[in-house]
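Here the chain labels run A, B, C, D, E and F in written order, and each chain numbers its own residues starting at 1.
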Amino acid sequence: MSSIIVRVKQKQIAQLIAKGKRLDGRGLHDYREIKVEQGIIERAEGSARVLLGKTEVMAGVKIETGEPFPDTPNEGVLTVNAELVPLASPTFEPGPPDENSIELARVVDRGVRESKAISTEKLCITPGKKVFVIFVDIYVLNHDGNLIDASALAALAALLNTKMPNYEIEEGEIKIKPGYSALPVRKHPIAVTFAKINDKLVVDPWLEEEQIMDARLTITTDDDGNICAIQKGGSGYFTPKQVFEAAQIAKEKAEEIRKKLGWGKNGEKN
Amino acid sequence: MSQKTEKLIDKKGLRLDGRKSDELRPIKIEVGALSNADGSAYIEQGKNKILAAVYGPRELHPKHMALPDRMVLRCRYHMAPFSVQERKSPAPSRREIELSKVIREAVEPAIFVEYYPRTAIDVFVEVLQADGSTRCTSITAASLALADAGIPMRDLVVACSAGKIEDMIVLDLMDIEDKVGSADVPVAFMPNLGVITLLQMDGILTHEEFEKAVNLAIEGCKKIYTLQKEALRAKYVSVKEVEE
Amino acid sequence: MSQKTEKLIDKKGLRLDGRKSDELRPIKIEVGALSNADGSAYIEQGKNKILAAVYGPRELHPKHMALPDRMVLRCRYHMAPFSVQERKSPAPSRREIELSKVIREAVEPAIFVEYYPRTAIDVFVEVLQADGSTRCTSITAASLALADAGIPMRDLVVACSAGKIEDMIVLDLMDIEDKVGSADVPVAFMPNLGVITLLQMDGILTHEEFEKAVNLAIEGCKKIYTLQKEALRAKYVSVKEVEE
Amino acid sequence: MSSIIVRVKQKQIAQLIAKGKRLDGRGLHDYREIKVEQGIIERAEGSARVLLGKTEVMAGVKIETGEPFPDTPNEGVLTVNAELVPLASPTFEPGPPDENSIELARVVDRGVRESKAISTEKLCITPGKKVFVIFVDIYVLNHDGNLIDASALAALAALLNTKMPNYEIEEGEIKIKPGYSALPVRKHPIAVTFAKINDKLVVDPWLEEEQIMDARLTITTDDDGNICAIQKGGSGYFTPKQVFEAAQIAKEKAEEIRKKLGWGKNGEKN
Amino acid sequence: MSSIIVRVKQKQIAQLIAKGKRLDGRGLHDYREIKVEQGIIERAEGSARVLLGKTEVMAGVKIETGEPFPDTPNEGVLTVNAELVPLASPTFEPGPPDENSIELARVVDRGVRESKAISTEKLCITPGKKVFVIFVDIYVLNHDGNLIDASALAALAALLNTKMPNYEIEEGEIKIKPGYSALPVRKHPIAVTFAKINDKLVVDPWLEEEQIMDARLTITTDDDGNICAIQKGGSGYFTPKQVFEAAQIAKEKAEEIRKKLGWGKNGEKN
Amino acid sequence: MSQKTEKLIDKKGLRLDGRKSDELRPIKIEVGALSNADGSAYIEQGKNKILAAVYGPRELHPKHMALPDRMVLRCRYHMAPFSVQERKSPAPSRREIELSKVIREAVEPAIFVEYYPRTAIDVFVEVLQADGSTRCTSITAASLALADAGIPMRDLVVACSAGKIEDMIVLDLMDIEDKVGSADVPVAFMPNLGVITLLQMDGILTHEEFEKAVNLAIEGCKKIYTLQKEALRAKYVSVKEVEE
């Protein structure tokens, strides 16, 4: 599209939002369609693919053994990494992680970590020496906006899908036994991201909304409705009132998503 | 290749996944899967799951790398960390750098590079799950993504491996056959022109075995070529329906 | 945050360093400490010792990254190897890269970026000693350094954290409170406009606790804002004296 | 040379080849003069310098101890690295290995590895724990074309020249004893590279031929005439007939080189 | 300043030096004012800040445990690193260490190492296995010339300020005990840097002198007046006579500085 | 330098390789060894085997680094992985980066840099085998390669080390003398002008010892200078014969 058409469209998006409408017909607080597919990568201990409208994110979980952190000798280690692979967008370039992919990984990581979604204390093999290390690799395949929410969903869906190998300790050495058991996941943190456009908050911005937003706010809540992670982004600002309003909406949207996907105590399945 | 004592062929002459020696793995092709890329293709071949996307022709940065009489083709072959048994670091390995080069050199002969001077075309291949012969599946996908992007081409490029396991020349090696077998011969082919654009080999083969393997791989390529063309047609049919 | 069994609040309701729940750590501000930078500020907040410097507006290399209608703001948050208990490698960590981004996005709303098209402003923050809530102290210092450099601004940006330790919402977390406590909420604020330019949270808070923490952090910001303005005034008074 | 003169010369090279001739007087399947000098670096366990016309390549072998790969616990480790050092060509730049030096190293590596030239099972010290690691470093000093064949020769010559330290195992620790023994090398893989120019195959292309070639094909054969490694390069193609023809020629040329250098069962020495 | 004014000023500096004078009123062999502040970073085992005129350098010392070098199994390890952080000068850029910061660190390192300032043999915990590793991190905060002398002073001041943790060895494991003792520092190497301008040697060049100097010479001497490290820099040259003259002056200036700062046997304190 | 109890000088006052205190190691020089480089030189000095090549004057990329009134001299000192006892990683070490700088600054005073404004000259030094004082041998080789490339020079630069082993000042340290001895003084010299272009020292020397070492090194330089000039002459004679 020529840049003139782009600007006309952007103006239209902003004007509609001021009237409480969105170009794709959604209400300000509506998500695009969410599709979650789990277990798609047999090579991985856990995996999932999430579609949020046209945004497509994959997550894979690999389990290895390693040393615990010195300050948590009895706990397994969680590592979240995100790759903005260049096939997902003309603006992504090959190379080491940039500030955007690092922020994405760290925001998803905080949601899982701070909600204590994973019982890391159950991932200890030999205290202070050997624990399970859970690698969550987020792989963005198509970028059409709101990568954070899609990635957080993909990471959680992959963790819920993860099978731990059974094992025994024989003379200090770990021995893999036949069979698997599910990774102990006890919480379902859901990230809900807002874009501020024309001083309104819209939920789940798509790419063209992100291009004109003033600022971004992500609020992650756990199954009990508590807040476990927040991240403001973008070079604009929020009033305190907008922040508190967003926190309430985030809680409701997260509850809706959990219910829809059947995750957690109010979920229909799992 | 290490010689382990694993049985790759049973008494009936069938392989571990039940295939005959000259049988391809099941193949599923989807063209145009990604909305942002100018062209894209997704292929499953056995447990290989590979996505290719094309961006371009587009401007080149830095500009002094542009060529006055032709476009520059760039290619990146990359494996997802979760695509293999042991988690792979996302930083490009030496193997990935070599494969990026040979894949680029396998698809380039098909492209009319002189049509778009001073531009670049980027081919990005992501291996989401790897199960042997990924460079071949990648080439098959990359050439479909190029066609989907409307890049003018002499022909599609299609690739398939052959190899030797337990004294038998077989088609389309899967991971365990590649690791335990005694030779691997990946071949890329342009069926209309009848020419080879990728050829590698590792292992040990007599000259007779080598010729047999190359010819078998070419037969495999021809079969996949039919599927490639069907997938392209299916994409364009469905696009046409949408546009009407 | 890990839940260790360390007592962070004593029987009188005071914190390990004797502060009340809504009390800031002692703050010392010096503006214009560095002679080479276009603007600079040094802040001690408790044991945090942080230096910020601004260079610019200046030319951007490579030039194609310049913007026709505004300046580019760049920011680097960096910790000295000796600033923390275990020596930190001088190479930028993932945490430092994220903080560089959020600090930049916290100060940018205050700057009239359209005043200097095609230029760049660089904000360099060096943490010489770290004792918790360093991103907040860094923002407070960075905005002073920008003002000292004469960059036109809507308002100063000031930042302060609040958090939860042992069921109490407290102001201005120090390192041990951040590590052992149950939530940390760093907030950056522009007092004149009454708006939030940085907001992060990690830990677990109910909505009521969260609102209380944000409001407490804003109160902290307002107190530091007074000190910021005094320090700027002191700098300019002394400069004036020198010039006369 | 001005680019016009270059183009005239390139045209001349191509036209001559169409007639079965080469600008430097060689026949299409002739190698340039090959000179091999071994043992030139006393600091290294093995070393060699190869001149292929004006192309000059050095290889050094260093032996260290390290861990075996998990899937071959009883075998030593071979590592081949190649440096296109900037003094060798105006087109080489300082910096980490690029795709050309990585391809060069990996093609040489495959020739040695797949032919099982080195008895890696004799390089095990303590199974699964400690083995000898053989580093082969290829150092290109002057680039006048056909780096692959020159590098493969240099690597093999250096390996044939390599002295292993004698050692004993005392209480689990390795102890170096006086004296040396030769590294166990049982095969002599020879890489033969073809350039396709004007639809003809020429052996051992020099730099100016490489600049106009359509495609490159390297075929490595072992002492028994079997093929152990192949690599096609360049953005052109080959017919199957050309490939099979090249394989036959490669076998003959390799046999000739082995004979000339006195390597292997038909060699005059070694 | 416009480049014309810069050039006029540079000419003036050079002409004054030819007459034995300096723009800031110093004699050719005078240092700017030296201020040393120690113990400013409580988190570090040792620290210091040095002001040399407007040049400002900080140094921090961290102590960790690690393996000794194979050729000195009974000695601790000293590591000196220097960062030219970008807030110190418009010419410093973020990124990995460049040749200037590496040279700076290595020249300071040689002064400390070659003078045997630190009793590294007292830093051994378990011979061949575990020793103390002393990290000296030099942090340049404002660059107004003569970074080497300022950095060498800061490094030494930080080392003199360093407290070693007390410890005991219990069953092969190191156990930290309460209390501290001073790091054993037995020498006080002082670097004295000369700039050659208009064929004259000036001591402690400031930034504008460095910009017009032909060459640089740093001579480090120990408490006994012996030379322990020398580094010539810049793309000019010295006559042998100038070098020998500089060595004499360096000895005197170092003695003066040691006395002034109270370091060493002739020092007023410490 | 570590003090080991190895005997470096025997009862006759001779060194481990039989040299007297003021004796150079055997030197072999070959100019113009490499066909691609614009100039090159190969030197063996004892077991040191060092190759230097020069490319240029040539265009500089990126162009904004070119200087309007002079050429830019660049230099890389690099050791082959097999040049030392323990295999050296090919990535440049901190030592190699420092030596690249001091070698560049040792040869630059000899070059008329103003003759070729806006261009670059690259000096590449490869240490194929190292046996002490490699920076000196590198400088001797680099200046020959520059002369071979026809770069206009005031004089050849020649370098040699002196040092102290067991209370004796000796010339041209080899590796073991450098490691076990008590001081090392590398000196680069331009004999016609009588000036020093490289001077470093590490170890412990009195002022008297230092002067003696510098003077001895200069004597060594002068001897090598004669060999340098002979080698250049030999090269040009042989080139002349070829061209006729």
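Here, a residue touches a chain if its C-beta (ideal position, glycine included) is under 8 Å from a C-beta of that chain, and two chains touch if they have at least 3 such contacts.
Computed from a predicted structure; not experimentally measured.
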### Query
Can you tell me the least number of steps between chain C and chain D, where a step is a move to a chain it touches?
3
### Message
Once the contact rule is applied, which chains count as partners of both chain A and chain D?
### Response
B
### Query
If you average the Cα atoms per chain, which one ends up farthest from chain A?
F
#### Entry: Inter-chain centre distance, chain E versus chain F - centres from mean C-alpha coordinates, in Å
27
## Note on the structure
Rounded to the nearest Å, the gap between Cα centres of chain A and chain F is 58
### Task
Starting from the mean Cα coordinates of chain A and chain B, work out the distance between those two points in Å.
32
### Query
Roughly how far is chain A from chain E, going centre to centre by Cα mean, in whole Å?
49
### Touching two or more other chains - residue numbers and ranges from chain E
97
### chain C residues counted as touching two or more neighbouring chains
none
#### Entry: Touch-based graph of the chains, sorted into line, ring, star, complete or other
ring
## Note on the structure
Ordered round the ring starting at chain A and going to chain C, the chains are A, C, E, F, D, B
### Message
Could you list, by residue number, the parts of chain B that touch chain A in their complex?
### Response
34-37, 40, 47, 49, 51-53, 55, 58, 76, 78, 80-87, 90-92, 122, 124, 126, 128-131
### Task
Under the touch definition given earlier, write down the residues of chain E that touch chain C in their complex.
40-44, 47, 54, 56, 58, 60-62, 64, 81, 83, 85-90, 94, 96-97, 135, 137, 139, 141-144
### Touch list for chain C against partner chain A, complex
1-2, 73, 94-95, 97-98, 100-102, 104-105, 108-109, 185, 190, 193-207, 210-211, 214-215, 218
### Summary
Within the complex, chain C is touched by chain A residues 71-72, 97, 99, 102-103, 105-106, 110, 113-115, 215, 217, 222, 225-240, 243-244, 247-248, 251
